[in-house]
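By written order: A, B, C and D. Residues from 1 in each chain.
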Amino acid sequence: MEDVQSGPAGIAIPINRVGIRDVAMPLLVRQRHADASGEAQRTVASIDISVDLPAAYKGTHMSRFVEALQYWTDHSDALDYPAMKQLLEDICHRLNARRSHVVFRFPYFLSRPAPASTIPGLMRYACALTGELNASESPDKPAKPRFTLDVTVSVMTVCPCSKAISDEGAHSQRADVHMSVGMTGRIWIEELIEIAESSASSPVYTLLKRQDEKFVTEHAFANPTFVEDVVRNVAAKLKAHPLVSGFCVEVESHESIHPHNAFARIEG
Amino acid sequence: MEDVQSGPAGIAIPINRVGIRDVAMPLLVRQRHADASGEAQRTVASIDISVDLPAAYKGTHMSRFVEALQYWTDHSDALDYPAMKQLLEDICHRLNARRSHVVFRFPYFLSRPAPASTIPGLMRYACALTGELNASESPDKPAKPRFTLDVTVSVMTVCPCSKAISDEGAHSQRADVHMSVGMTGRIWIEELIEIAESSASSPVYTLLKRQDEKFVTEHAFANPTFVEDVVRNVAAKLKAHPLVSGFCVEVESHESIHPHNAFARIEG
Amino acid sequence: MEDVQSGPAGIAIPINRVGIRDVAMPLLVRQRHADASGEAQRTVASIDISVDLPAAYKGTHMSRFVEALQYWTDHSDALDYPAMKQLLEDICHRLNARRSHVVFRFPYFLSRPAPASTIPGLMRYACALTGELNASESPDKPAKPRFTLDVTVSVMTVCPCSKAISDEGAHSQRADVHMSVGMTGRIWIEELIEIAESSASSPVYTLLKRQDEKFVTEHAFANPTFVEDVVRNVAAKLKAHPLVSGFCVEVESHESIHPHNAFARIEG
Amino acid sequence: MEDVQSGPAGIAIPINRVGIRDVAMPLLVRQRHADASGEAQRTVASIDISVDLPAAYKGTHMSRFVEALQYWTDHSDALDYPAMKQLLEDICHRLNARRSHVVFRFPYFLSRPAPASTIPGLMRYACALTGELNASESPDKPAKPRFTLDVTVSVMTVCPCSKAISDEGAHSQRADVHMSVGMTGRIWIEELIEIAESSASSPVYTLLKRQDEKFVTEHAFANPTFVEDVVRNVAAKLKAHPLVSGFCVEVESHESIHPHNAFARIEG
């Protein structure tokens, strides 16, 4: 049968990325553990995969992306940086490409103890791991992939202005901290979660008994924060992290006194 | 050209609704005014239109829905109950149908004064007007359409439990009040907005200067409400409304101490 | 500490449902197997849990929903009908409620062979299992829960009208089949998937090599279907299923010649 | 009352952007007309507004964004480049900021004739106009804003591979063309729509009578295109446009034979 894709391009412009989006599959993700036992967490992922396409070719071969992904699933233990590197290299090889790009989006679960009762509750965090490989220019220098880890963490903010000017109370709300982090070595999802949860008026919790609710309320009111405060707290911790090579952090607060959100962003 | 749709159905089962979804257009919506001047508001709508299809026919004629909508736009002043009735009747006529069903979804805007400074701020409310016409069984009884008005209103809630048990403060959050109301006469969108905004700890506002923020904070803390309180307050007012024939109200609160939402629902 | 929730309601209206929405956790779901080995699939879920609240009480105790869910996760093998029944009963017991309602929403994965090469490819299907328990009126009659299974399946449709009137070709598109099914006995997710995938012009596939793409194209063009045909095909099969007590099926087609969708719905 | 925002920052890091998101209001947008009459279209918008914040200040004054927007609405005719520039300058002035950033997102409507019957049908296009102002370093050089126009256009693609290898037919689908364009002079929304609609197998239409459906089907099958072809066609036209200073175009195709989408992207 004719291979239309390998024919000449009608218009000879190189394409930065061509591929498939939102391919779904169960996924194992490597977890941080004190004892480095390397246990993995079972979750599900939505995946984007793409390569570059030189000006000379009409099309890429889309089914090979799915084959690469299936092969990788069958032959790797869990998603981590070395496994992502193998997938990126295999895609370049199968598609005859010089650049490959993969995004895994997945929910990640962690058990967090309530602050007073210490009863554990399970939290879900939206995460994405992106890998990009650019083929080396010379055979002596092996290509090195670049990784970006995205984690979104919900937190609680109590408004310092509302607290200062009101005879009683202060408005509070849920806010989302979005972190996107480039790295020079392995950074765990757990590290970014801890950075965000320690940067606002309070973490949020799935399970709170009455003594916990009292604790959270009083603790949050003792630590009022604007979105500006939260974004700076997170940025300062990311700047201080020895393995972070670059970051973008955005905090979006679902203001309880407004129909719209407030947001603040720092790129570093 | 062959009219495939008018051919016989392969499987002779009647279809409850067949039509098109998310057709878009600018829309004029009738507004309530003290002087009954009947002014209309310009907004944009997403529209679903459908009819029933008897067991005997293979398909409906989808392009006629768009023609009916364009004709209606050209020949009606603004969306209100009489204009909706005309559209429902015209659809039955054009499609040779016994039942027609139309949903207009649109944002509706109202200016609301800030509570202390009285500076006006524009609020957006998500609305839907649904009309359904069932052809009369006898020629003596004209068919009467049924209307449902849906309005979603954001409000603020302060938690009564958190306030009662904490030495200072109480968690607050934005909550959404969804009302779906059947009627025996004309009910204005403005009436449902007022019902929702008066049923929680406080309304929310687009524009608040510092004295307004102080007012909202103190007012809300003086009126703590659970989602259960808000849903009952709204339900009691809808029950008392002389033109409401049935309703469903749901309040969903974006709890600032949890990653999940709380909700409560009353059908009446 | 004060138990505000157990205090008297300000307005004595019973609440149909009060609870929490979008609680997240990993989930095991029972799979159909030829040998009835009862294997389970690991996925993740978003869960809504609620109970009724009598007119006399101000509020429910939200943290008990999370406790019930955690207890259930620790003590049940996998999501199936008996396990859902246990959860519904436990919620009524913990919350002192007469009615409980739970929805589990989760992606479900199945491997499907390509039609010509038979190479397997993994498919994701959006599912929901809803359980509702109403306490029995008399102690002699035990309460029986009602279950609803929702499955959404993407398929391909080729337009019969476009094919009949055009000298060459016919427009095709992806369509989504949404089935919501009540039951008198155990119905597997796999059964609903097979019903939907056999009711359109063709199933869709994650992995298609060139000979598969040729097969799918030719097979689909030999079996053109309107949304009306697909919805009737599915309805006829659900009507014929001995364990289906009621259903609603809706087919929504992402028309490739229009910016809007076409849809058809049968309730049976 | 205390001005908490003007107090010193706890952590002295400058913030790239701080502001509000998804403020809603009706909007007039300038339309292209042959006679340059400058007519404007009424639609509704969702708006993001932000400024930078120097390291020294704790917070910005969020209510001033809403005041700037309300003042602008009252004093400008319609959204176009000069009006956006005024808003950007006013925001810098009111917030004592050196950089301001505004995004208007809105649906835009155009009437398009059916290809055979020429009956007009209304189309909706998702658009965004972004403006960014950086205060000049020297008083002699006035600050010049940068504008980006985003337009998304749905089109139809027929697969060249499927057509070449199949005895009959070829799969087709709706695809979305997302264009993001920087400019050195005024570019109309209508220009980007025309570029996208002329770059695929066929435009899509809201209203098609039978002769139109025949025309679209045959025309599309005579012009099969991969996402790679569409993205190159659009990129070539944007490169050739004298006022385009930079662009990113992405085409995402809702493959009718797959559950996932294909996409291609060119940055130029």
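To be clear about the criterion, a residue touches a chain if its C-beta (ideal position, glycine included) is under 8 Å from a C-beta of that chain, and two chains touch if they have at least 3 such contacts.
Everything quoted here is computed from the prediction, not taken from an experiment.
Where touching is counted per the definition, the chains common to chain C and chain D are A, B. Chain centres computed from CA atoms place C at the largest separation from chain D.
Interface comparison, B-D versus A-D: the pair with the greater number of contacting C-beta pairs is A-D.
Separation between the centroids of chain A and chain D, computed from CA atoms only, is 26 Å.
The geometric centre of chain A is 36 Å away from that of chain B, both derived from CA atoms. Contact with two or more other chains is made by residues 1, 23-24, 124, 161, 165, 206, 208, 210, 214, 258-260 of chain D. Of all residues in chain D, those touching chain A in their complex are 1-2, 4-5, 9-11, 13-24, 48, 50, 53, 58-60, 62, 160-161, 164-165, 226-229, 231-233, 235-236, 239, 252, 258-267. Put simply, chain B touches chain A in their complex at residues 123-124, 154, 156, 158, 161-162, 165-174, 202, 204-206, 208, 210, 213-214, 216-218, 220-222, 254-260. Within the complex formed with chain B, the chain D residues making contact are 1, 3, 23-26, 42-44, 63, 66-67, 70, 107, 109, 121-122, 124, 206-211, 214.
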